[in-house]
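Some structures are shown below for you to check.
Same chain, two partners: subunit A is paired with subunit B first, then with subunit C.
So, the complex of A and B:
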């Protein structure tokens, strides 16, 4: 059985090509000058430069977090290029986009251009550090939705960006968030005005292309009173045998009765089977349920990155607000993942649900780390958490670190965790019904992850199921 | 003779103040013990008092401890037999009483024990049973990183050695009673329990106080459970509500060994109970029960680590807390399944009941699993008394307060009733009732 499963897990990384586009990079290294350079290149207003410098100065006083259950050589922050833009600079229309780039996205299967129309998805594409193109901008503008790169938003809607940026993840929040605040180059911005239900799924595709460059994107989504939006994010990177840093910050703000659904399929390059290369994915994602009855839902399928360090969180400030976290994290070979969520209950009758499924194979290490905090004023708060792990093979690890802090007696908090493997008897049953082992394994894993996949938009769910199958090819057995 | 002071002074001023009294520890007849004490002193000197920035002490702030000074006493306070009558365990085969950390022969009761069972003062046993003690004493607890374990070893002098020879069995419990009477006293009791193949014993470690003084108990117990042997280890912490109690226990389990731990925490202003169970042989079984019932401004912290290093191990753990007043309960339970520990079956439950607005609970059940063919589960709940249960009892004519008491009591009774010592269960049930009535 082990060879079948082994073959099933060890699929080559199919997004590992480098697109040969001339790109313009900043010299390696980080200093106030680099930050001024980035800011000047992007023609940013003075307040944003101040925001960056403040973050940078704070970052200098901080030390890298040591508590995650991951191990890697110390990162040399001076060996990273903090700005890499595809060259020549792009024109406004899609037809003028570098055909090489478009081919890249075609290979990735990003639904863009006509394909976007078919899929009905509006896409913002971030290549290394710069937003390349945004589809469907006009159509969205008709209903008042602003969707595009954050650089454009800084230029066109500075008052909105200034009001909300840093309001959920302050500049000094943590080491990598501070770094991001100092050097972020682009990202997506989305504003859904009062009472508007976004007519289509919004999507961003991130790709790191240049060796030695880091990607520091910043995403800001604001849903005003009664607004509703579903946002998807996908990530890939080429194969390099050096490690690249990805330190993003995502901020979500939901006002009264607003509803934000944020889905991620993360498939950054994970390094080879010996753990050489791959992306360090150190990401800060946080949503603020600011208004009454607001809702933020995170769904993530994490299959890539050499190291993942990511805790999409919800701050449930408004009364009756709801936070959700659905996650599938798969690690193989020598990948390390320390991921989970934080649910901070502040308002009355706030509810949160955490469903986390971890699958470890090869020699990987997969940790769930989550915090459920019920503040003293959170009357009637309710949380349910379920963290299941599946181990494939004898050399991997699965860990669960839930933190539960309760300061209100009317709260009800439940946490459950289990660990299991693909049972011989389960496989035997499938085989007795004429289903080959490989297919059986894939079905069992899909069943294991069903609770999470159900939360994904349809196309993403299909993609995620496929991705999991690919990733696991060769490892189960 | 006096143990030589460490070559460099303690890095941390408070640690230095605690260690001031260690120069009075008498030289032991065994050179190896002196060496271990000196090494522990050296370690303690290098360590600082943990703060909430240390992951292991994240929820437990030791600042109140560091504001007070504690020294070992040279002479024990006066305690009469009547003073401790309430703590008598009638089933006990033997009772050793320590007052302010010092053995009290007049209060102790030492009858004839079955062949193969030894219960002796540690300082006496070092001479008579040195060969049995040397391989284990100060070898099981982690002296390297743990300040309090190092401190205890640096002060290692008074304590108990219990040994069960091959196939020896003592059904009746061995009762160790530690009484503190003096304000500002620091007691460093030490127990070593060693068993041989197929033996069976029950040990009760009981920490009590006369009066409501502030003092420090820093206890360490090491337990060696031999193949096929069974040790039932009951720890009762009923210190004064101004006291500080830091207890560290390490147990190692050989093939098919059984270790059954019951920890009951009622007392202390700030208490910390560390239990590490390492399963060194195949098929060992551990049962870890815990109950903490606190109120006022008490803090009770329980840390357990179940380390499965061999295949076929089983462990059932359930920890409950009942928190009233402005109490604060902390639970951190880690289940570690090492590579190769296949077919491990380990479960852990953390159940917490909050009785008041200001009470709070921090719980952190952890699983770290490195073997694929295992069954591991943990669960944690925090909540208040079920409104429907209360309604049912009220509909049967019980007043609100009584209904609450009954439900609270029932919540805790599940753990207490599993202790197979009837007189002790009766004592504990009484104090649970008294405490729940006080906290409503």
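So, the complex of A and C:
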């Protein structure tokens, strides 16, 4: 029995190759000089350098959070290179992009050519510290949408970046957000003007390639009044036996009646079965429902990373605004995940929904941690949370840490939680009906995750189902 | 119905099996031909349920010796899902709950997997829906069972109906029904037994594992076997079940001791 499940949960990582490309890395270490160097490399305006330095100085006064239910050796922030970019530098058109890079993303299934692209998905591709290309940029510009790297946005639309960057996640918000604010190198920027419904899915694909570099990208999405956008994010990294740090910040701003849907399929390298190597994914994602009737929805499928520390959150400031969080987090081998969300209800009649599904296999540890806070002015606020855990095998762990703070007596808050286990008896039940174990596990897992997968855009739902399959299925011994 | 010329479906010879190192089956011999209904009775712990589970391939049990031929082929050469596709069906004493998986999706996957394993056509969801609703009538089940999770929150009787519904869909050659009567009230017992009766033909066979004779009032066995301590100690016809009902198991066990 245990061998059956062991085989099922021990699939090799498919994206673990390294691209042999000449790259330029900053020397390891972090100081004000490093930050000035990054800022100079990117020809940044003075205000942005100040933003970085302010964040850095604040970071120096902070300590790493100890409260997550994860364990790892202390990170030596001086042993990380804070800038890595493929040489030669940014290219203007696809024809000029290094063929090695093209091959890399082809292998990863990321469409970099517009003609070959998945119909209706525009992609911004980030390789180590820089954005290497953005597809459909011109087409989107026709309807007034700005989509591209944040570096370009700083150059071309400084007023927008300056207005919104740090407005949702302040520079000193938390240890890793401060670090990111100091050293972020690239990321995606997306601006949907008033009244525009984005005609295609926007997507960013992140790839870490260089061994001792960290990835610190910054994503900023702004949806003006009545605008709508659906945004997807994918990530992979090579197999190294050292750990790479990924400390991103994502900020979303939704004005009156705007609707932002942000979906992630996270498949960073998770380390080997003994827990050697893998990405430390310490990410701050937060959306601000600034306007009334605005809506922000997070959907995440977390399958990778040695350690995941991530709480995509919604600040429901506008009256009648809606926040949603749908999550599947799968951990295997020695992976650790402490993930969940925060729903901060400030405006009246604000609503939030949390659906979290944690799947633990191997010797992994999977924790849901979530905060639902109803402020004193949030008359009629509603929250529904459902946190389900599934255990595969007997050596893994699952935890739920819900925090509920209610300061308004008219609020309604519901929390449901379940824990289940894929056991020998369930699998035998399927088998006794002619269904092989692999299909049984897949059906049980898909049934378990159904409520979340339904939220994903179609292509992503298929990819997520396959990904969980890859992680959990295999030849049955 | 006994027909000495009928095809032999199951041939069990000197079967021994263990669970967690403890020998539970200590040499079982049994022949089941097409068209027959066998009842296996016996006190708690005699190995009746183990016997059914071993035939279906439950992973907790290890076969130590003996052989089992199913339609003349070595049954133990097949994995449990292959046995199901080959035509063995186990009706569970305690049907397993599978939250999140709808009964309709589960039944259709089972049906189509078994169909394709037998070289027959699979059904699309609409065709399958027609079929399953037809079969549900047999068991007086309401269609809302289809949208519920497999056995999740089902009452004891609902679970057992769901087992026989699966038997109706998968059309096994040999159905092993493990204490299908336990937990059923008298009305449910009548419906479930009625369902089983309608599924029995001259080409298939059924082995009923049961504690009580009451199930046999509804499904008439051709043979009754009494198990004790991992062996079949006595075989007979329906009259044996009635004698057990009247006298309990002790007289048989005592008789066996005396003989030994």
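Everything below uses one rule, namely that the second predicted complex is superposed on the first by the 461 of 477 C-alpha atoms of A that agree within 3 Å, B and C clash if a C-alpha of one lies under 4 Å from a C-alpha of the other, contacts with A are read in each partner's own complex, and residues count from 1 in each chain.
Here is the rule we use: a contact is a pair of C-beta atoms (placed from the backbone, for glycine too) under 8 Å apart; a residue touches a chain by one contact, two chains touch by 3 or more.
Source: prediction; values computed, not measured.
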First, second, both or neither for A:409, with subunit B first and subunit C second: first
Which of subunit B and subunit C A:391 touches, first, second, both or neither: first
Touched partner set for A:431, first subunit B, second subunit C, both or neither: second
Greater subunit A contact set [subunit C / subunit B]: B
Touching partner for A:195 - first (subunit B), second (subunit C), both, neither: neither
Contacts of A:420 with subunit B and subunit C, given as first, second, both or neither: both
First (subunit B), second (subunit C), both or neither touched by A:439: second
Partner chain in contact with A:65 - subunit B first, subunit C second, else both or neither: neither
Partner chain in contact with A:450 - subunit B first, subunit C second, else both or neither: second
Interface residues of subunit A shared between complexes with subunit B and subunit C: 418, 420
In the complex, subunit A residues that touch subunit C: 1, 4, 418, 420, 424-426, 428-437, 439, 443-444, 447-448, 450
Residue ranges of subunit B touching subunit A (in the complex, touch as defined): 55, 59, 339-340, 342, 352, 354-384
For the subunit A and subunit B complex, residues of the former touching the latter: 67, 374, 376, 389, 391-421
Subunit A contact footprint on subunit C (complex, rising order): 56-60, 79-81, 84-85, 89-90, 92, 95-96, 98-102, 105-106, 109-110, 113-114, 117, 149, 166, 170
